[in-house]
Every structure is written in C-alpha cells, then in structure tokens.
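Accompanying notes for the structure given below.
By written order: A, B and C. Residues from 1 in each chain.
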Amino acid sequence: MQITAGEWCKLLDGNLEGDPAVLITHPAKIEEAAKGAISFIANAKYEPFAYTTGASAIILAKEMELKSKVQPVLIRVDQPYLSFTKVLEYFNNNHQNLIGTEAPSFIHESASIGSDVYLGAFSYIGKNVKLGNKVKIFPNVYVGEGVTIEDNSVVYAGTKIYPHCKIGKHCIIHAGVVIGADGFGFAPKPDGSYYKVPQLGNVVIEDQVEIGANSCIDRATLGSTVIRQGAKIDNLVQLAHNVEIGAHTVVAAQSGISGSTKIGKYCQIGGQVGFVGHIEIADGSKINAQSGVSKSIHEKNKAWNGAPAFEYMASLRAQSVFRNLPELEKRVQELERNAG
Amino acid sequence: MQITAGEWCKLLDGNLEGDPAVLITHPAKIEEAAKGAISFIANAKYEPFAYTTGASAIILAKEMELKSKVQPVLIRVDQPYLSFTKVLEYFNNNHQNLIGTEAPSFIHESASIGSDVYLGAFSYIGKNVKLGNKVKIFPNVYVGEGVTIEDNSVVYAGTKIYPHCKIGKHCIIHAGVVIGADGFGFAPKPDGSYYKVPQLGNVVIEDQVEIGANSCIDRATLGSTVIRQGAKIDNLVQLAHNVEIGAHTVVAAQSGISGSTKIGKYCQIGGQVGFVGHIEIADGSKINAQSGVSKSIHEKNKAWNGAPAFEYMASLRAQSVFRNLPELEKRVQELERNAG
Amino acid sequence: MQITAGEWCKLLDGNLEGDPAVLITHPAKIEEAAKGAISFIANAKYEPFAYTTGASAIILAKEMELKSKVQPVLIRVDQPYLSFTKVLEYFNNNHQNLIGTEAPSFIHESASIGSDVYLGAFSYIGKNVKLGNKVKIFPNVYVGEGVTIEDNSVVYAGTKIYPHCKIGKHCIIHAGVVIGADGFGFAPKPDGSYYKVPQLGNVVIEDQVEIGANSCIDRATLGSTVIRQGAKIDNLVQLAHNVEIGAHTVVAAQSGISGSTKIGKYCQIGGQVGFVGHIEIADGSKINAQSGVSKSIHEKNKAWNGAPAFEYMASLRAQSVFRNLPELEKRVQELERNAG
C-alpha cells in the first residue's frame, strides 16, 4: 500500500506544496511520525510539530499559516480531520475480507442467511433469524429467535441479542453488547416484595448505528426501544426500556437513560450523564459529562450542565462560586459581626 | 390467544362497564392501542387517551372518574398496574417451553443436571456443578466448578459464573452478567506496588432475585457476597466483595456498592449511585439517583440525595440555592459595598 | 492442608505468644472465625473481637497492646494485612492446576501455543495468535488475529480481545472484559451526521496488570492505548482510545477515562470518577470517588475531590458549606432586612 503525496492530494481534492513524488506508506500521529508517514494538523496546538515531525506529508487547513518552511510535503484541504479520516480508512484493513462459516457454529435450520456472510466459531443463530448480505457475526455471539440483521452490519465477539430485536444496515455492534434484555419493571405488592412486569416489546436499531462495547439496550415493555439512524453509542451505556435515541445523536461512555425517555436528533450527550425516566430532550441539545437531567428540555440546540442540570453557562458560574463557598460564608460572618 | 373482556374482568376480579363479549387479542400502550388491544390507565396523566384510544378494553382504577362516555370496555380494579402486569404475563411466551440440550455443549461428567433443563449450545457446565429442575442455561454461558443453581432459575446468554457460587430458585440472571470474579483487593508493598489479596469466598444469591445485563458481583475475600431473597438488580451494577443486599431491595442501573457495605431490606437505590465501603444502610432507605453515600444510614425508611448524600428535602433546598449562587454572591457584595 | 500456628509464625517471620502446636486448617474473618481458623487484626476497630473470637490464631501488629489475655495464639508481625494475604494465598487453590485443551475449541493452525497452557471449551484462538507458557484461557474467550499473551497470564471466561492487542506476563483479565474495541471517534459531516474515524491502533497491557470484570479498553486511533506494569483496574471501567495508565496505578470500579488522557504512576482513582480527554495527571495523585477531573494535574501526590475536582480539603470545606446553603441565604436576607 504505497501511494505518493501527489496522489493523496488528488484523492483529497487539496492543494500541494512540495514534491508530489514523495512515497506515503502509513498514517501516524504528527508527534510520532517518521519517514513515509502521512499526518495531519486540525488544531493550532499541534502547529509546533510541523517544524519537527519526521512525517513525509502533513494534511492541514488551506488557511493555516506556518511561521517557516517545513520539511514535509503539505496537502492543504478544507477539513483536515475529515480528510485524514479518509486516509485512515484507506489503511484500515481490519476484518474486511472475513467470509464463510467457522466450525462449530449453531445455525437453526429455519434461519435465513444472506450471501457473503461471516459466521465465527461458537456463534449461535436461532430459529427464524434473518441475516442480510455481507453481515459479519464474530465468535461467541448469540442471536436469539426471530432477530433480523440487515445487510453489511457487523456484530463483534460475544454480543448477545435477545429474541425479536431488529438491527438495520451498516450497523456496528461492538463486543459484549446486550440488546433486548428485559426492562427493569416491577410492580410492588402490598407486602413490599415485587411482581415482575413481563417485557413483551423489542429493540429496533436503524441503519448506520454504532454501539460500544458492553453497552446494554433493554427491550420495551410493549412496543420498541428505538435507536434512530446514524446514532452513535459509546461503551458501557445503559438504555432502559422504551427509550428512544434520535437520529445522529451521540452518547458518550457510561451514560444512562431511564425508561421511556426520548432523546432528540443531533444531540451530544457526554460521559457518565444520567437521565430520569419519562422526559423528552429537544433536538440538538448538548449535555455536559456527569450531568443529571431531571426534567424535559424543550428548547433546541442549547447546552446544559450539572446535577441537576441547568443552563450551561449559568451552571459554570454557580460551580465557580461553589469553590469559594467557605470564603463567602466568612464574608457573611464578617458582615454579621459588623452589623451586630 | 383470544379471550373476551368479560373473561379478563373475571380473571382480574374487576367490575365491567360495557360489552363482555368483546374479543381481546393482545396488550398495548393506550396511546398506541388498536382494535383487539387491552390497555390500562394507572396515572391520571393518561386519562385523555381514554377518549381517543383504539383499544377494545381499558383496565383502570375503581375510583377513577371519566368525564364522558368512552368507546372501550372498562375493567375497573383495585390496582390497575398490577392487573395489567397479569395481562402481560398471560401474553408472554418468551422461552417458556425451551427444554433439552443443544449441541455442542460442554457438560462435565461429574455435573448433576435436574429434569426438564435447557442447555443452550456452547454452554459450559463445569465439574461438580448442580443444576435443579427446569433450569434454563442459554448459549455461551459459563458455569464454573462447584456452582449450584436451583429449580426454575434462568441464566441468559453469555453470563459467566465463577466456581463455587450459589444461585437459588426462580432467579433470572440476564445476559453478560459476571458472578464471582475476584474482589478488588490489593495490599500495598513498601515500594508502592501491590500484592494481590486472594479472594477465597463466593457469591450467594437467594431465591427470586433478578440481575440485569452486564452487572458484576464480586466474590468475597472470605465468606460470601450475598444477595437476599427477592432483590432486583438492574444493568451494569457493580457489587464489590462482601457486599450484602437485603431482601426485596431494588438497585437501579450503573450503581456501585463498595466492599463490605450492607444494604438493608426494602431499600430503593436509584441509578448511578455510589456507596463507599464498610457502611450499613437501614431498611427501607431510598437513595436518589447519582447520590454518593459516604456514611452509614441508621434511621429506617428515609430518603437521601446528593453527593455526599444527606436528607432528601434538605438536599433539594441546598441544590435550589446552589443554582442562584452567583446572585447570592452579588447580594453579599452589595451588602459589603453599603457597609463599607 | 494443616499446618501449626508455630509453622505459620516461622513462615511469616513473626513472634509467637501461645501454643505453637495448635493446628490451623483455614483462614477466616475474625468476627466469624471458629476452631482451626487463622485470622488477623489490621485495624484497631477490630480489637474487641480478639477477646471473643473462636479463631485458633490471630495475626496482629507487633506493637498492638491487648487489654487482657486472649484465647487464640498470637502471631505478631510487622504488617498484619500483608502477612494475612500470604495466608490466603496458601489456602487459595483456585484453578491453579488447570491445563490442557477442552473440546471443542477453535485454534487457528497458524497460532503458536506455549507449554502447560489451558484452553477452555469454546475458546477461540485466531490467526497468528501467540500464547506464552502456562497461559490460561477460560471457556468462551475470543482471542483475535495477531494477539500475543505472554507467560502465566490468565484470561477468564467470555473475555473478548480484538486483533493485534498485546498482553504481558502474569496478567489477570477477568470475565467479560473487552480489549481493543474501536475508540469512539467520529468526524462530523456538514449535514450533522458522522463519518466513522477508523481505529488502526491497538491496546498494550504490560506485566502484572489486573483488569476487572466487564471493563472496556478501546484500541488507539493510531499507536497504542497503554496500561503500564502493575496497574490494577476494577470492574466496569472505561478506558478510551489512546489513554495511558501509569505503572502501579489503581482505578476503582465504574470510572471512565476519556480519549488520550494520561494518568501517572502510583495514582489512586476512586470509583465512578470521570476524566475529560487530552489531559495529564501527575504521579501519585489521589482522586476521590465520583469526582470529575476536567483539567491536567501537574503537582504530584496530591488529593482531589468534587465535580469539577479541586484540592481535596478545600473541596470538603465547600461541600460542608453547601449543606447549609439555605441557612446562609437566610442570613443574607436577614442582613439585607437590617440594612434596608
């Protein structure tokens, strides 16, 4: 896999400064790059490395000014990070050609398997399961009765999908994920013990969704827990029964969303955030890490912080006064002393 | 599975208003229900749907007054949610008739397997394991040496049970759970590195306990980590070594309980709560989501909130002032200016 | 396994008080110990049990004074907890003699397997994998292409290791861990949807590291996510792409570390702590449970608390005033009334 800086420039629709014949053999971080590497600068903080890096080529913004001449070939583009992503994709050959069925695996006779599918050893394909074309099921995956997984989706090792859940096209489900376990529903009895509320619904995951390792998405009590198209869920996230995640919303690691809460489209949820149940979050909301959201958010495209969460900037100001609370208390004491 | 509204009314010991001959084919949420559906109202918030729903029957409280005549048959009961739970149970046929052993599975010759057991493919039943009658072990489950699982318990796919742990009757262990991994115990050496403290105990789970997906329950250093009868643990919960969870206590998702802490009976622990180690929590305590409990709680049946947690109502009041801290600081400044 | 109190005293290099011929059959907690048990006191809080315990021997500090004569033999040592750890190790025979390959397992023909290895049933050993001597791979483990695991490391049931990750010697990886899943990297497109950033790096785990159940360690975008020698990671921890954990650092359960953050050596991270990405934490830092660390920490060996975290003692003082905020507000009102 060797192409020249000039060829990369053409592929990325950029402007070249330097020798187009320089060979590119691999991508690397600019601070660690050596000869043959192609690297990038998307953040001015990394500009100093431009003068010291061993990289053979750097992708950077068209408008970025450099203070002096540099050694590497420069490829100037509109969006350096997006362009570098394309470089990474070119060099990524992880699993791309896995195909066929490894033995032993368990495939129920009623299952329908598309063409060019990979089924790893010890994978379990239950009754009436439907797998689309080019689906990849890694080892030790459990696919329960009646599950459908559409074309080009990948399910990594050891993931468990309970019966009757649906996964769309081009999804990536990482290892250890649990999809469709019972929602946490119990009706209290008069004696304080609990009666289990059966969970008859399922989970529906639309196209181009990615789910991080060991995350859990519970099945609905009735109807479906839904993850809309293009949403990205990080590791160890908890989505309770009847939750809905809007299209192209991103949820960072270890966040938890309680039952029946609906998150809008294009939201950004930080890590370790919690949401109470039965609320709705407007499209484009940004929730800072570790926040606790206890009420519906109706205004779109606003940022929130804190536990309980409120408007982002106001929350930062309150946190800032919080740090000086002992001092504030002394000032009040002083006023009381003077007043007394 | 078709029974009439009249038959449901009899089964639920309710009072009927409307045509007893109406056919009921499935349960549904009142806001989505269509012909043939039985639905319920447990919360006055949902009353408006009574006038618009397509459901054929609604379960509601005996005392609930409706403003006008409605289309569906009404089944009036004492506890609508509990009654609807029975309806859900009737329509729930998930896995109920799984039985027999799928190949390949691994069953040690010394294991003792009860009658009417289900063993999924790729399940591992170790040395001297004892499985009671009607136990269901789903695919890819690991049951280590000397584990016992009593009658009617279900262990979903990919769960791992380390040696010598004990699980009672009628338990439900969801997918990906880890029971009996080593507690996190390390003795510091003089050079700052750590010496591993062997964890020789086990985990004991009593009857009718439910454990959510991907939760972790560590084995005790000595003795047992114990989950008492009827306790319900949600997904991604961490129970450290020598923890004890009291009977009929509920722990919501992503909460963590540090080593040797004992939680009483009939407690309700919200999501993402943390407890320090070596404390005791009184029976009937309610801990709000995201709280951090740093001290023992001796009074029973009280509610707590915050990190560190204190009395619930007082904590809400403090949080309310917190939001206005910048304003409070300005008032102090104003007082100082006037006093100066 | 019976040895006498006298023999234990010699093994632990201690001083004996009492009958050296007393037989020791097992270790036990002092509050539960019966005849034959060896127990310990490392904390003065447990001294009262010395007078009431049924234990046959107690390990305690050389300098600890007891108020009266006790029944058990006393073994006085410099570090009671460390000595008791050695006792536990003596009585620990978990899995120590597992060896051989259980059928069925999947071993790629190109894999290299050391001597005295245990491979549990349904374990998957991919292409070009290298396992050192005495490695133990429990059932249902997935070891992806090109992974290396060095001598004496143990991987418990159901763990998933993605391709090209490296695990050193004497490591313990608990059940359900996911090593090497894709980092959470997405480049936004102009329409608000996301472009997946391929994750080409790997995870490198050095020697004597322990990883708790169901924790997730993502592979680097480029280069490696690294866990240095002797670090101990608890259950359900999230380590994002390109994170580095320093040698002999301890991370408690459910903590999460965002991308590219570097934690120093000999740090102690409490449970449910969160770190933002791209920061550095100085050696010897102690972070209290549930803290949120939003900035780099440059000073070594200091303690921090809160969200956002600041200096430990100052943070406790601010939390203490917080509890009385409604009272403080009233005092300000009172001052205003008097001034008005």
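As a convention for this text, contacts are C-beta pairs under 8 Å (C-beta built on N, C-alpha and C of every residue); 3 or more make two chains touch, one makes a residue touch a chain.
Small disclaimer: the values here were computed from a predicted structure and weren't measured.
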Copies subunit B and subunit A - interface residue numbers shared by over half, same or different: different
Equivalent-chain rotation between subunit C and subunit A, CA atoms, steps of 5 degrees: 120
Computed distance of Cα centres, subunit B from subunit A, in Å: 26
Sites on subunit C at which at least two other chains make contact: 104, 122, 140, 158, 176, 214, 236, 254, 272, 307, 322, 325, 328, 332, 335, 339
Interfacial residue positions of subunit A with respect to subunit C in the complex: 27-29, 32, 79, 81-82, 85, 88-89, 91-92, 94-95, 102, 104, 120-122, 138-140, 156-158, 172, 174-176, 208, 210, 212-214, 230, 232, 234-236, 247-248, 250, 252-254, 266, 271-272, 289-290, 307, 319, 322-326, 328-329, 332, 335-336, 339
Subunit A - residues contacting subunit B, complex: 104, 106, 122, 124, 140, 142, 144, 158, 160, 162-163, 176, 178, 181-182, 184, 186-187, 189, 192-198, 200, 214, 216, 218, 221-223, 236, 238, 240, 254, 256, 258, 272, 274, 276, 292, 307-308, 310, 314, 317-318, 320-322, 325, 328, 331-332, 335, 338-339
